[in-house]
Structure formats: structure tokens, C-alpha cells
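Two complexes follow with subunit A in common, the first pairing it with subunit B and the second with subunit C.
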Partner chain A sequence: MAHPSQLGFQDAASPVMEELLHFHDHALMIVFLISTLVLYIIVAMVTAKVTNKYIIDSQEIEIVWTVLPAVILTLIALPSLRILYLMDEINDPHLTVKAMGHQWYWSYEYTDYENLGFDSYMIPTQDLSPGQFRLLETDHRMVVPMESPIRVLVSAEDVLHSWAVPALGVKMDGVPGRLNQTAFIASRPGVFYGQCSEICGANHSFMPIVVEAVPLEHFENWSSLMLEDA
Partner chain B sequence: MSLPKPVMRGLLAKRLRFHLPIAFTLSLIVAAAFKFTVTEPRKQAYADFYKQYDAMKEFNAMREAGIFESVRPSGE
Partner chain C sequence: MLATRALHLIGKRALSTSVCLRGGHGVAKVEDYTLPAYFDRRENPLPDIKYVQDLSAEQKSLKEKEKGSWAALSNEEKIALYRISFKESFAEMNQGTGEWKSVVAGMLFFIGFTGLVVAWQRKYVYGDVPHTFDPEYKQKELQRMLDMRINPIEGFTAKWDYENNTWKK
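So, the complex of A and B:
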């Protein structure tokens, strides 16, 4: 999850998020390159003691400042497209979960085998136990098996919502009447937090998402228990 | 005693000839510095983390710490 005074992304917990992290580093390196160049030129021009009033044109510089940006854009576009296609690969999920957005909670349905469904409300601040995170904890977590491809079908029952978990590199809008698909693999066990990412009313900031990745055997035990309690 | 004629032309070109190579070199240095102090260490850190990563060992440690709700610590 996020920590105070954090500047960068959360630690990646999925292969796609790792790729996105590295791509961001690459793009930011190019941003620093261009910014340094432009800032140096601005300072050099501003501190110049003389002015040339007679420049009409220059074919050479026009070629440079057309070709160079085109090359830089290509250097950004190629890794970007690589990740885009990586995310779109056929992934043969082991499990499908439906995440439905409501005002103001998420509900999850595991309907691959049995009909398991439950709501996931934020735990109010006054009900938190020591060690729990304010505005991030929920009463029921979305539990998934770790190291398995998971398909998430996101929709909404009322207004627009968005299901996002930064550590997993996932964000998908929940649109009423539409089923959006996304997928992830949790590379390691753990608890991963997210928040609704599309303005949806008064409690938009108070409908978080918690994904718990555990070994398959424990996931199966949990789903059996949840079915018994239902 | 006549003074030498001052340089009156090509002043901008002279300034550009001096500053532009420095500008390009400096920006490449900054990019390389970012690459070798941030980008490559981050890639290496992730590679090192997963090289020796024991998922079950970490899971059990997290379980005993009581982090999970689907799996309680083994004592409970």
C-alpha cells in the first residue's frame, strides 16, 4: 500500500506492474533529458548579451528539431506498445471474479463453480483495530489464489465506478450495463489495497478495494467457508 | 594608434557553437545518471528479490503476523 511522503509507485505485485514501473523509469529518463536540454538553452538565451535581429530561417535546425523529437517519440512508443500488447495477451485465467460497483461499496461474485457472492464495505474509522489502515480496510476482502492468472469482470449497478489496485497494475472502469474485463497475476502472497477511481457521489472516497492473495489451498478453504456462511 | 576592429558578426553562432554541445552533453549525462542510479538498480532489485523468493515461507510469516483475514495464524 502507499506510505507517507511516497513519491513513486507502490511496489509491484504483478508482472505487468513491474513492466509499467520500468517503462515509467524509461519515460522519466527521457523527460529529464529533454528538460535539462531545454532549461540549459533557456538560461543560455536569457543571459545572452547580444541579439541577432536578422535570422530569417534555417533549414538545418528545422530538420534537427523535427527528426530528433520523432526519434524520441519512437523510443517512447515502442516500449509502450510492447506493454500494451503484453497486457492484451490471451491469458487463460484460472479464476473469474465479478466486481460490481455500487454506491458506495463493491460486491464480488465468484461463480465459476458455486454461487459465492458478498459485499465489501469500508470499515469506518471508529471501528478500526490497531494496525489497520484508515479508509482502506474493508469488512470482506476479495481473496484470490497467488501466482494464478485471475480475470476480473468489472461493472456497476448505478453510476460509474472504477476498480483499481495500484500494486497489481490494474484499473478498470465499472460502467452500468457494460462488462469490462481485466486480468492480473499476483506474483507474491499479500494484501493489496486500492480505491474507487471514478467519481461516484458523496462516498466515492470511502469504497476501497482489498485483494488478498494466498496459496490455492487456502483460497479453496476460504471459499468453502464463505459458501457455508452464506 | 588604431584599435583592432571588434568582432561584429557571428556572435549568436559563436554562442551556439559553445553552448549547444554542452547542452546536449549535459542532458545525456543527466539521462545516463538517472538510468544508472535509478532505472538499472530498480530492475536489479526486483530481479534479486524474486531470485531467492520463497512464496510459502513469506506467506507463513505473513499469516503468523495476522495480516490475512481468509487465513488465521496457525495458533488460532
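So, the complex of A and C:
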């Protein structure tokens, strides 16, 4: 989750998110460089004491300021496309989870081996235990084994929703009648929070997502317990 | 000239673009469809026409004196001749207006007014914040974030010293 007044990204919890962080640093640096250059030119133009009234054209600078932006754009596009294709690699998931969006909660189905399914409602503010995070905690978390490729099939039962977990670098729209696939690997254990990312009605802001990445044994224990309770 | 002749019924003043119609020196050739105008511009130092078109008797005599040796002119006379041809000196036309002071004043005023509006809203319109903002609750939240190792790489708990139970220096 983000700490109060955080402006930047959360620490990456998956390899794809790490790549995205580095790409963002790269692209933002280019943006800062260009903005600084433009700001400097504006200030220089505005504070200049002399005016040149007789400029007509100049082939050299026109070539420079056409080719240079094309080069800069290529320097942005190549890493971007690299990550795009990286995200689409064959990843042979160890586990498939279905995340179904409802108004206004998520439900998760683990049907690879047994039929495990449960709903995940936000804990209302007045029911929070001391120290729990307001508007982020849920009664049941989506527990996954860490360091394993996980496939998530996202859909919805009523209106559009979107399943997003920023720390994992994952966002996938839940469209009624449609199965959207995304995948991630949780590189470290931990609890990762997200919120519904497609407007879906009155409680759109109150249907969060909590992914808990644990070692495999813990995941096996958890799923056994959940099956017993069901 | 042709246009002037053709429309002489309307009056020659409407189409004077040539020197002889305005009379006297100090009228530059201008583009078609414009009348010569006076202006003070830094990058265009020589306006189309002199500033003072109708000279007083004193100014006329000064103009006659100008035809002689300029060394004979006193400083005041040179300045007077300048003021006949030009309205402002370069120093006068380039000086700032001080408009920025009224802009900044207006800006600060409206920002301050907005602050008053926000303060009034907070007191009379908005209800209480949730109990999760109480200091004790925030303390428990902080402890829980540390226990859960939130953002342990470069972010939140990366800055906490777990050995000494304090923030890293």
C-alpha cells in the first residue's frame, strides 16, 4: 500500500513492475530534460533585449528539430515495446484464479484442484480492528503462493469492473460475459492492496482487492482451511 | 496618385500616401492601404511620421536653426528637436510599467480569499473525519505497516531501523 502523502510508485512486488519502474524513470528523465530545455528557451526569449525581425528560414535547424525528436521518441518506444512483449511471454502458470467483479465486491475461484470459491467484501470503517487500513482491508484475501507464475482470469457478473494491484503491476478490466487473462509473479511475500479501477456504481470506491503472497506450504494450509469452512 | 485623382471628390486626406500631400519632411513611404502612423518601438526605431506635425512658431524657428551647424545648438535645443520628432526616448519606452505589482497583489488577494473560503467550509460544512485519523489509531496503523514490511525495498519500511526501533538516520 502507499504511505500517507506518497507521490511515487509503490515498491515492485513482481518482475514486470520492476521493469515498469525503470522505464518510468527513463521516460520521466527525458520529459524533465525536454521541459527544462523548453523553459530555458522561453525565459531566454522573453528576457532578451533585442529582436530579430529578419529571420526567414533555416534548413539546418529544421532538420535538427525534426530528427532529434524522432530519435528521442525511438529511445522511448524501444524500451516500452520491450516491456509490452515481455508481459505477453508464455509463462506456464502454476495456478489459475478467477476474479469476478460484482456490485460491490470481488469473488475469487480456485478451481484447478478443488472447487474453492469465496467472496471478498471491504471491511466497513466502523468494523475495523485497531491498525487496519481504512477502505483497503477485506474480510477474505486472495492468497497465492509466492515466486510462482499466477494466471488471473478477470470477469464481472453485472457491470464493468477492473482488477488492479499496483505493487504487482497488474490491472485488467472485468467485462461481463468476457474472460480477460493477466498474470503475475509475486517475487516477495507480503500483502498487496488494490482498488476497483472501473466505475461501477455507488460503492465503486469501496470494493478493494487484497493479494497475500505466502510460501507454498502456507498457501496449501490456507486453501485446505478455506475448503473446510466452505 | 491615380487613386487620389480618381476619388478627389471624397477628399485627398483620405488617401494620402505620398510626401507632398502631407507636407514637410518626415513622412516615410508606407505600404498600400495604410496611413502613416506614429509609434514608439524598440525594434523599429524610426516611425513613419514625426511626432509633432503642427509646429509652433518657436519650433519652426528651431527647425530653421537646425539647418545650420549643429555644433551651434545648445543641449536644450537638441532635446527640443528630438521631442519634435519623437514622443519617448528609448529609456522611457523601455521602462517597465510596474503592472506586475498589481498582478501579484490580485493573485495573493484571491489566494487569501480562497483560504478563507476553505477555512469556513471546514468549520461549517464538513463533518468529522473518520476515527482512523485519531493519533492512537495512526500509531497502530504505523506499527502494522512496519510489521507487514510495507514497501521494504526503497519505500516505507526501507527507512525504518528494525534493530534500534527507530527511523534510519
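General observations
One rule holds for everything that comes next: the second predicted complex is superposed on the first by the 230 of 230 C-alpha atoms of A that agree within 3 Å, B and C clash if a C-alpha of one lies under 4 Å from a C-alpha of the other, contacts with A are read in each partner's own complex, and residues count from 1 in each chain.
Operating definition for what follows: contacts are C-beta pairs under 8 Å (C-beta built on N, C-alpha and C of every residue); 3 or more make two chains touch, one makes a residue touch a chain.
Everything numeric here is computed off the predicted structure, so don't read it as measured data.
Using the contact criterion defined above for the overlaid structures, shared-chain residue A:Ile41 touches subunit B, although it does not reach subunit C.
When the shared chain is aligned, no partner comes close enough to touch A:Leu81: not subunit B, not subunit C.
By the touch criterion stated above, A:His22 is placed in contact with subunit B alone, subunit C being left untouched.
By the touch criterion stated above, A:Ala230 is placed in contact with neither subunit B nor subunit C. When the two complexes are overlaid on their common chain A, residue A:Ile63 makes contact with neither subunit B nor subunit C. After overlaying the two complexes on the shared chain, residue contacts for A:Ile199 are found with neither subunit B nor subunit C.
Contact comparison for subunit A: of subunit B and subunit C, B touches the greater number of residues. Look at A:Leu179: by the touch rule set out above, it reaches neither subunit B nor subunit C.
Residue contacts after overlaying the shared chain place A:Met146 against subunit B, while subunit C stays out of touching range. Residue contacts after overlaying the shared chain place A:Ser187 against subunit B, while subunit C stays out of touching range.
In the superposition on chain A, the residues of subunit A touched by subunit B in one structure and by subunit C in the other are 12, 50-51, 188, 190-191. Per the touch definition, subunit A reaches subunit C in the complex via residues 1, 3, 6, 10-12, 50-51, 53, 125, 128, 130-134, 188, 190-191. Considering their complex, residues 12, 18, 21-22, 25-26, 28-30, 32-34, 36-37, 40-41, 44, 48, 50-52, 55, 140-141, 143, 146-147, 187-191, 212, 214-215, 218-219, 221-222 of subunit A touch subunit B. Against subunit A, the residues of subunit B that register as touching in their complex are 11-12, 15, 19-20, 22-24, 26-28, 30-31, 34-35, 38-39, 42-43, 46, 50, 53, 55-56, 58-59, 62, 67-71.
For subunit C in complex with subunit A, the touching residues are 42-44, 130-132, 136-137, 140-141, 143-145, 148-156, 158.
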